[in-house]
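Two complexes follow with chain A in common, the first pairing it with chain B and the second with chain C.
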Partner chain A sequence: MSLAAEAFVSQIAAAEPWPENATLYQPLKEDQILLSDSASSLAVQTFLRMCGLPVLVSCRANAEYMSPSGKVPFIHVGNQVVSELGLIVQFTKAKGHSLSDGLDDVQRAEMKAYMELVNNMLLTAELYIQWCDDYTATEISRPRYSSPYSWPLNHILAYQKQWEVRRKMNAIGWSGKSLEQVYEDVSQCCQALSQRLGTQPYFFNKQPTELDALVFGHLFTILTTQLTNDELAEKVKSYTNLLSFCHRIEQAYFKEHDRESQSGSSRHSKGSLP
Partner chain B sequence: MGTVHARSLDPLPMQGPELGVQADDMDLGEPEQEEKQEVLENKDVVVQHVHIDGLGRTKEDILTYEVADVFRAKNLIDVMKKSHEARQKLLRLGIFRHVEVVIDTTEGADALPNGLDVTFEVKELRRMTGSYNTMVGNNEGSMVLGLKLPNVFGRAEKLTFQFSYGTKETSYGLSFFKPQPGHFERNFSINLYKVTGQFPWSSLRETDRGVSTEFSFPIWRTNHTLKWEGVWRELGCLARTASFSVREESGHSLKSSLSHTMVIDTRNSTILPRKGALLKINQELAGYTGGDVSFLKEDFEIQLNKTLFWDSVLSTSLWGGMLLPLGDKPSSIADRFYLGGPTSVRGYSMYSIGPQSEGDYLGGEAFWAGGLHLYTPLPFRPGRGGFGELFRTHFFLNAGNLCNLNYGEGPRAHLSKLAECIRWSYGAGIVLRLGNIARLELNYCIPMGVQSGDRICDGVQFGAGIRFL
Partner chain C sequence: MLEDGLLLLFMHTNMAEPMELLCWGGDWDLPSVHTDSLIVLAYAKFSGAALAVKSIDWTWRTITASVPQLHFEGSTVTEPTQILNFLRKQRFNADYELTAKQGADTMAYIALLEEKLRPALLHTFWVDAENYANLTRPWFTSHSPFPLNFFVPGRQASLALSRILLTKAESPLLNITEVEGKIYSEAKECLNLLSHRLGNFHFFFGDRPTSLDAFVFGHIAPLIKAPLPSGQLQKHLNQLDNLCQFCNTILKNYFTDASAEKRMDCSPTATHDPVDANLQKLTQLVNKESNLIEKMDDNLRSSPQHRPHRHDTKPSAPASENSTRA
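Now for the complex of A and B:
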């Protein structure tokens, strides 16, 4: 959108308060959603809870196609549709809710840098493991992705998605990496996060920001999702402060609400944290 | 009309009109003066041989059916009539460029004194014909390539391929058609296609990739078609401002359906008929041969035409349809019916009647529409006998309704729901007939019964199409 259009939308957004029936759309939780989408969705849900904004979660088989940018999750607020965490943060800021107001410019730049790190490393690694690792793709990703559709559409869509992700990996230079290298990258990313977190409760001061929401979304999902092997979860578990960080946020924002919305039992998710 | 050459058995003059054959091309031998005149109609003849010359790849067995009737002719007039009919049948196969008939007396050892030889001189169509067009439309240009292979394997099979490559969309279609030898009306065809459509009235974009097979056969006076179709449908929003109801329908679905159509058409022409009637009933059952969508769809079309005094024609038509979703999933926007526009209820914008959400029309599960037209030749008949004959003035009255039914209630409730909030319109205009396929209309319409949410187009409305209410 052009700058003028964005400013206009922000104005419109600012004009209305947050409605009661704001809804977040994601793929079907039991059978369809994959690790990367689940992580993104959890990050957005955590962020909205941290802001104190109510949102209903609605699972749709075609959530990915409903989204204006093609990525899940997206929220439907009033008559606006916004997808992806970055844009949602901007949108809620226009409505007057923000978590990062207390940060100065240096800290804000640092926060953005770490968010980019998570998006470029963790999210890409998740996508790599899901779609470029043949075993995982065959056992988990393709069957789950295509579960709402009937034959032969299920195969067509699953392979189409796989080719698309592989092309993207090619474009960013990840196709040459082996699975071990990807695990190494994840480990390094976690190390950077762990170092930044240190012994603090949250990444910045004592208040959570969108960075906390994003990191929690990804790490929690990695820890509680059953893949073909446990290597990814092990890499994260080796950093104890990240583990306690996830516990802390889970306790603070999810335990007092209905349990089934987050750590509900499903064959894909292992339930609560180990 | 081709030419019919005939050498007379006896040197007697033959007079054209009495033979019941269009004789403007007849090339007669020189009539010789004879005192005794024998009337040819009573002379018995026997058709001994029928030849077909000029065959290349066409297999003879399919042609024997078409010309078999000629052998049954008993006298010369009959021979000429039957060979004319056989010629029409050969041309209808679509494999010959032209067909000429030559009737001659038999020569040779086994020749009977009243024996005749009929020869059909045919020229086959070329093995492959191609066409290339460029089209420019609303903000888009496209290149269209067409290939046609008539008579691929020698038995009147036809293969056509069309490919359109545009700045916005690409589409293609491949079709194979095969008639049953001897019964051209019984045929089957297989189609493979990808089409894309943009529907601004619903802010919807639809891409269909599908395969279908159909069988057509006549039963008594009706024509039936059975079709299986498998389509991969992809729906998307046309603009970022599409309503959420349309956004919810985005995504992929697979439709596998069986359909049956019955047509009785006694009209003398498809466009601006002067007499006759049309009845077309179509049903479609989806979901029982696979796929994601499951529904039963019925629709019908009735049209009656009658010529009144002074060359004017009164025409009434009635359309209706119903969609019943089976199972618990609601119906998809791509399956529902739409109403309104210059080709259905005039005076309303294209498909802009019925349920809508934020300006996007969602279609409905049941509809009916009726029209009453009076077509008259242009006043003062300009260009009579020529160009002016293509135009007609018409006065019309259209009505219709589109809604969703609550299937839990009984038929009485359904009828009352369809009868409330009827939209109707009346007006007059000029119709131009384009060949035998399409027509253009320019009307002045006055819409009435407009409900909130409908979009009207009162005043002058232009329409072009092949199927009008």
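Now for the complex of A and C:
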């Protein structure tokens, strides 16, 4: 969104309270959604729960095309549509709900930096593993991405998406990396997060912030999603404080929700419950 | 052949490990005009590694080599992160005093720089028409041999543009002009965040420079020193006194031969006066607001569908409304 449109939206957003029928749209849970989209969606849902804002999750096959920026998930609140965690955080802030108000400037800088770290490393690694690793792309990503469509559209869309992601990887210099290097990067990222978290309950001590939501979204999805091999989940599991962090947030914010539908939703149909 | 000869000569003259670094040459008081090369050069100075610096200007390497490149005992390392890891393995470590948490912070801030600041830097130098035509292209053309001088700048420019479009332009923002607003506002925010984090300290983690300082220096030094014809980001950066001071301190202490007389664009006094810090914050905030208001005004004037709704003030503007046109 251009700056003017953003300011315009913020002002309109500030005028109305959060409605009861706010909806979050994502691709189909069982068949279509991929690891990276599932992680982003879970991060947004966690953030909204942390703010205490009700939202209905609606699964649509064409969620990606409905989104204003092409990224999922996106939320439909009142008469506005906002996608991506960063913009959603801004939007909820304009409505008066914010998790990071208590932070001073230096802490806010740190929080933004760590969110970029997660986006830069974890999300990019997830995209790489899904689309640039041939085995995973053939076995999992392409079939799932194109499952709602019939032939030949499914082939065309899947290959188009793969080509787009590979171009992007090329531009940022990740196409030269091997799978081992990517796993190593994920491990380093988890190490940095683990060191930052230490023994605290949340990243900024007592109160959860959007950083906690983002990290939870990615780590929980990685842990509970079955890919062609378990190496990614193993990398995350080796950091015990991150595991207990995920548990804690799951207990605190998702326990009243139907547990099976939450943990079962991010399983790919190949895998079984660990 | 010539390089091997040079390497042998160095091996004879210094018994310490002769590591050779290929990078772009220097100008505008800087040892190199290229961000990644600057990062490596700064880190080498901080960690005390003796590097034989070879500039690739006027050689065929301007188009063949991916710079910076470190040669050592037959192995070649590229990319700043890899080179820094390599130097650390060779026991040139500027980060050994950092705690685990500070190490994690380093990774996070480097990610912030790469995501938020680099696209705007690429745009300022390579995509912005005025800067490219008047500064970047002439410089790189004059520092490349014939006939490469026809190809080198163009290739870098197209790589920069494609990187910006692929990473920042999602489907509704296919036009570069719309992406511009977004990347510059993100870059300004990033610079503000860095300034907040640096505060009144000399370096990001206390009194000794570390790899994070090298990365920040590499990114902001060209922005401060280059004589850009149209540089809104440069103007914004010049208002952040502590970052200018940081850059000049590094240049003065570690690169004295490259920066004889510096005409500093920002205030030379490093006062720790809290009143000045508040004034600086207020100035930043007012300029941020006024930049946004200016942009919003321009956008509203040019977009027909918003004409009925005239919004003159940004919704959450805490500072006074005598917005100075930056």
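Definition applied: the second predicted complex is superposed on the first by the 258 of 274 C-alpha atoms of A that agree within 3 Å, B and C clash if a C-alpha of one lies under 4 Å from a C-alpha of the other, contacts with A are read in each partner's own complex, and residues count from 1 in each chain.
We take it that a residue touches a chain if its C-beta (ideal position, glycine included) is under 8 Å from a C-beta of that chain, and two chains touch if they have at least 3 such contacts.
From a predicted model like this one, the values you see are computed outputs, not experimental measurements.
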item: Side-by-side fit of chain B and chain C on chain A, or clash; value: fit
item: First, second, both or neither for A:Glu116, with chain B first and chain C second; value: second
item: Chain B versus chain C as contact partner of A:Pro68, first or second or both or neither; value: both
item: Which of chain B and chain C A:Gln195 touches, first, second, both or neither; value: second
item: Which of chain B and chain C A:Leu153 touches, first, second, both or neither; value: first
item: Which superposed partner A:Ala94 touches (first chain B, second chain C, both, neither); value: second
item: Which partner, chain B or chain C, touches more chain A residues; value: C
item: Chain B versus chain C as contact partner of A:Lys177, first or second or both or neither; value: neither
item: First, second, both or neither for A:Arg167, with chain B first and chain C second; value: second
item: Smallest distance from any CA atom of chain C to any CA atom of chain B, in Å, after fitting; value: 8
item: Chain B and chain C footprints on chain A, overlapping residues; value: 68
item: Residue numbers on chain B that touch chain A, as the complex places them; value: 232, 235-237, 240, 244, 247-248, 250-254, 290-292, 358
item: Of chain A, residues touching chain B in the complex; value: 60-62, 64-66, 68, 76, 79, 81, 149-153, 156-157
item: List of chain A residues in touch with chain C within their complex; value: 1-5, 7-8, 10-11, 14, 68-71, 94, 105-106, 108-110, 112-114, 116-117, 119-121, 167-168, 171-173, 188-189, 191-193, 195-196, 198
item: Touching residues (chain side chain C, partner chain A) in the complex; value: 79, 100-101, 103-105, 107-109, 111-112, 114-116, 162-163, 166-167, 170-173, 178, 181-182, 185, 189, 193-194, 196-197, 199, 292, 295-296, 299-300, 303, 306, 309, 311, 314-316
